[in-house]
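For reference, chains read A, B, C and D in written order, and residue numbers begin at 1 within each chain.
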Amino acid sequence: MKKTLNLAMLGAVLASSLNALAQEPVRIGFITTLSTPAGYLGEDARDAFRLAIEQEGGKLGGVPVELLVEDDGLQPAKGKQIVDRMTLDGISLYTGVMFSNVLAAVVNAATQGDRFYISANAGPSNLAGEQCKANYFAASYQNDVPHEMAGVAANDLGYQKMVILAPNYQAGRDALAGFKRTFKGEVSEIYTKLNQLDFSVELARVRALNPDAVFQFHPGGAGINFAKQYGSSGLAKSIPMVVPVFSMDERMLAATGNVAEGVNVVSGWNPQSDKPANQAFIQAFTAKYNRAPTMYAAQGYDTARLIGSALKATSGNLEDADAFRSALRAADFDSVRGDFRFGSNQHAVIDWHLLKVQAGADGKLAEVPVKTIATAQVDSYAAKCAL
Amino acid sequence: MSRRIIIDLACLATFALLPLLAALLDEPFLVSLFTRLAIYGMAAASLDLLIGYGALVSFGHAAFFGLGGYVVGIVAFHTAQLMPLWGWEGSNSALIVWPLALLCCALLGLVMGYLSLRTSGVQFIMITLAFSQMLYFILGSLSFYGGDDGILLNERNSLPGLDLNDANQFYYLCVALLVGWLLFCRRLVGSRFGFVLRGLKQSERRTVSLGLQPVRYRLTAFVIAGLGAGLAGILWANYALFVSPDMAAWQKSGELMAMVILGGVGTLLGPVLGAAAYLGLEQLLSLWTEHWLLAFGPLLLLVVLFGRQGIYGLLMKGADKPRRARARSALPPLAAQEVRP
Amino acid sequence: MSAHLSIRGLEKSFGAVKATNNANLELAAGELHAIIGPNGAGKSTLIAQIAGEIRPDKGQILLGGRDITAVPAHERPRLGLARSFQVSQLYPEFSLLENLAVAIAAREGRSFGFWKPLSRDRSLLDPAFAYLQQVGLAPRAEDRVSELSHGERRQLELALALAQEASVLLLDEPMAGLGAEESARMTEQLMALKGRYAILLVEHDMDAVFALADRITVLVYGETILSGSVEEIRGSQLVRAAYLGEEHA
Amino acid sequence: MLLLEQLLNGLQYSALLFLLASGLTLIFGIMGVINLAHGAFYMVGAFCAAYTAMASGSFWLGGLAALAGSALYGLVIETAIIRRLYNRDHLDQVLATLAVVFFTNELITLLFGRSPPAMPTPEWYGAFVEVLPGLMYPVSRLLFIGAGLLVAVGMWLLINHTRLGMLIRAGADDHEMVGALGVNIGRLYTLVFVFGCALCGLAGFMAAPLLSVEIGMGEKVLITTFVVIVVGGVGSVRGALVGALLIGMVDSLGRAYVPPLLDQLLPAETSGALSAGLLSASAYIVMALVLLVRPRGLLPARA
């Protein structure tokens, strides 16, 4: 009896001293959407984030990290519950939320005090402008930029008259507003329903309006529905489409099939960029998960490496919030999206590309780069941020 | 001591001592989890009032949850933005905002109940669903209040003598309101009104032949149950500091219904246990695996197929029928009385 | 004798079926008036129209001289109309006392009480007990109705009708399904009520009807073909042909 | 001409709704089961269609797989679960079938992953037919309308002119009577349930090339399907047809004409929000109105 007790004590002592030797890992709260049809967004971001950690053998920037992933089910209230529990648990570094409405519920708790939130996808306008926060970073983009860039692309492509469509909810209305901000021609707006299945009615209206091109924002399943029906309605042959990458990411492309050929996609990530960091990422991701990464994966990977750069600069000490913040702002990492820096409002400033869906070298459809639309694009809210 | 009282006391003790336990285990999250249980428990118990005692299967109960929360959210929005609402500069006092929210819920209950009660059976289930979905879409189209993104609140409402921003104090307030609500519901189902409501479930023809108009009683019950869910919504808005349209979506109504069935229909305390089991399981399983629904589905199924009276029925198994035992002891022997002339 | 309840030219069709066809009936205060007729003659439909559950297509129902044809069912008890059901309509989950207490609270217009427990309200339970005594169910006062035998349920039906303190009782086959002994007891109880209420009794048990009724109306295919005293009906050739003949054939 | 095209579009949406609603209303009318899992069989059908078509390259084989897959899964679920629910109240059925939905969704996620598959289609599928002079309409959507019509006619023949149909009609009216006829009622129930599931499979197959084949696609149409059967009158196939046409047409024509109309009447800000709210809630508004006027639906099964 006594012996076992002693042994147990010895074990405890050993374990604690080992712990002291090996640094306590930095815990990162990764709140994301894994269930629901939109679950693949979170899955890609999470898998890429994990890949970055694995490549360093359980570390980021040389500092051991522990990734705590939880599914928000695309429900703001659930996201809020998770962040509340994680903050009580003492976690002070967060990322992973895919959707703006979940982010709105999560962001306050995740940035209070010395806590940091680094967005790997959603970048709502209020957080970029007047309500920008010292501890909030968007390593992805500001929500309006992809749509503004789509407007620029449409100008470049010489379209004069366009029909623009989006579901009638906050992000959809923002998308159309963003597009109109830069597009110089004439537009007709059509709002669709959230989670709409059938678009035949809208497509008939498009045909009747006979525009030069169509811009549409329908992420996830609705976007696949739209693209499939756009193709089968025959409009794809006569009226080209310009979309932000959310309406046609790699997975949606795979689900849509051949009818997606010819779609113009505006993205902050050029999957065929020959930058070594990008090529290495795509290779590693494909090897590990047996599928091609999406833009969400690229952003997740960038976010992980950004965090790694800041952890490295501060040796994993999150307690000095000012130091950690400066390290993040420096963004001293090799982004798979090319040149990367933070703007004054701590939102990513990156290049934007026009891609086109066409048969790649292997005969399969891929998003092939056409041109760069803008370099180091700063979002239109940065000026309003007092940081 | 009857089994029923033991269960009551055990639940009460758990709720009362929980913050101590949380402090001992150094798990402050427990308080937050149990606050959520108390709030959902209140909403589920109020739905049980309809389902279990009035045989009114409402598939739109989340409408009240959402509306209660939204009134709090909208008032807070105007107060924080210094933007008067029809000339009223807003208020952060719970004593003003909460009754206002309850009033709105009562009005909604009157209109929704009056129209829905023209139908019965499956049609009632669907028409209540329809009304709550309409509210859901209305809330979602309020782009001024964030549309689908909802409203973030800066602080909890204030109540004299309490600091609601303190997790423990807010928790005890929720528990006290839950206990109060359950006691009220128990009195209600045993009252003259409650007997009419339960009587309607057993024989509507008899009840009409006694000179009672069914709709008046059912509508009253509908409004009262709506107030319960509305209060839960108010507390939720304060707890989460966030309201969004999905508080009123059909999935939320379905969740509440699942809690009632899981806990035991027509038992009032059962649905609170059902809420605890539902949220607890969801929490545990989702920590364990992201494919938690794969396990959650069959678990639900087992309870439905083999645990007919829900959790409360399981706990009461083998115990005396409580109602009769109580009625007997409560009734003093009646003196032999003269038969009416 | 002035008619307390009058039915004039009542008609009701369900699709092509005429359930009630020119039904006429006069019920005097204190009179026990029986309605007899073969199965499917529309007796229950007639009762349902008087009680207000079914709205007639045509005709009039007068209670104490007032036209109540359009008065909804739940308002008729207040005007003095109480009924029992052919198939017992009771609250099986409640005790006998509680069943009656609900009826008494309803009669007194006190059903909108949200706080005081009904099961401990002496102002309801005491009179409830008295009604149970009246029909001989006092020993079972605190049992659940679901535990009662069929005969006891029929008696509780009667007690509930009595508890409404109405001037007119519509009794829809109170002896349905009763054995000989139980029927005899029910007949006795109804006999004790005679004269205190105007009773409209629908009944198949001819012995009971002939023992109890002051007047009898014969209903065939929804039509009141004959009305008269017990002797007149017994002697009527028409009734024999239309009704008794069938039964005794 | 645009109106005509929009009518066809409405018809096509109605066809999808009818394929789902006819099975659901039969299951409800005959067995009294509120089956929230009905949409799950539609999803299973779509997945079977897409993966089989991808693997075999044959469009029609995909269709066969969809029918077989949905029917088979329906048989398993009926035998294991639904059978035990016939004598339960609606609440138990709701919860149990909801559990089936949870389970099926996760099962499909585990089996096929989260990436929605693409359904390959033959060349002719993307072609157009001149329905009327000057009105070209895609084959894909005509096929859908055709399937809806075929099932409607088939169901009418089945119910009114076969022994099975006689039993179904009798079953909807009186369960005991069917038992008294010496029919194995359990087998009849299984048959009807599996038949409903096969119709879901057909709907899934028809939808796979046009809609995203994804987890949760069933729930998206499930509630609308319930709306359809309640509007039409629960338990009545004719009602399901009328309900599907009403809801489908209101939805499509509403989307086509309400926003332009409101834009003319109201300032842009209000009209946008208003038309969005109106259109999203259109099915529910129709249902509430129908039930307020006819509390049992338009064509209830039992008079």
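Rule of thumb we're sticking to: a contact is a pair of C-beta atoms (placed from the backbone, for glycine too) under 8 Å apart; a residue touches a chain by one contact, two chains touch by 3 or more.
Here the structure is a predicted model, which means the values were calculated and not measured.
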Target chain C, source chain A, minimum contact steps: 2
Whole-Å gap separating chain B and chain C, where each centre is the average of the chain's CA atoms: 42
CA centroid of chain A to CA centroid of chain B, Å: 38
Rounded Å distance between chain C and chain D, as computed from the means of their C-alpha atoms: 49
Interface hub residues of chain B, defined as touching at least two other chains: 140-141, 143, 293
In chain A, residues with contacts to at least two other chains: 168, 173, 194
Sites on chain C at which at least two other chains make contact: none
Chain pairs in mutual contact under the definition given at the outset: A-B, A-D, B-C, B-D
Residue numbers on chain C that touch chain B, as the complex places them: 51, 53, 72-78, 82-83, 85, 89-95, 97-98, 101-103, 105-107, 110-121, 124-126, 129-131, 133-134, 141-142, 144, 160, 164
In the complex with chain A, residue positions of chain D that touch it: 2, 5-6, 9-10, 12-13, 16, 109, 114-121, 125-126, 128, 136, 138, 140-141, 209-217, 220-221, 252-253, 255-256, 259, 272-273, 275-276, 279-280
Contact footprint of chain B on chain D as seen in their complex: 28, 34, 81, 84, 88, 90-92, 94-96, 98-107, 109-110, 223, 226-227, 230, 234, 273-274, 276-277, 280-281, 284-285, 287-288, 291-292, 295-297
Interfacial residue positions of chain A with respect to chain D in the complex: 36-37, 39-40, 43, 168, 173, 190-195, 197-198, 200-202, 204-205, 208, 220-225, 228-229, 231-234, 251-252, 254-257, 259, 291
Contact set on chain A toward chain B in their complex: 34-35, 69-71, 75-77, 80-81, 84-85, 88-89, 100-101, 104-105, 108, 124, 168-170, 173, 194
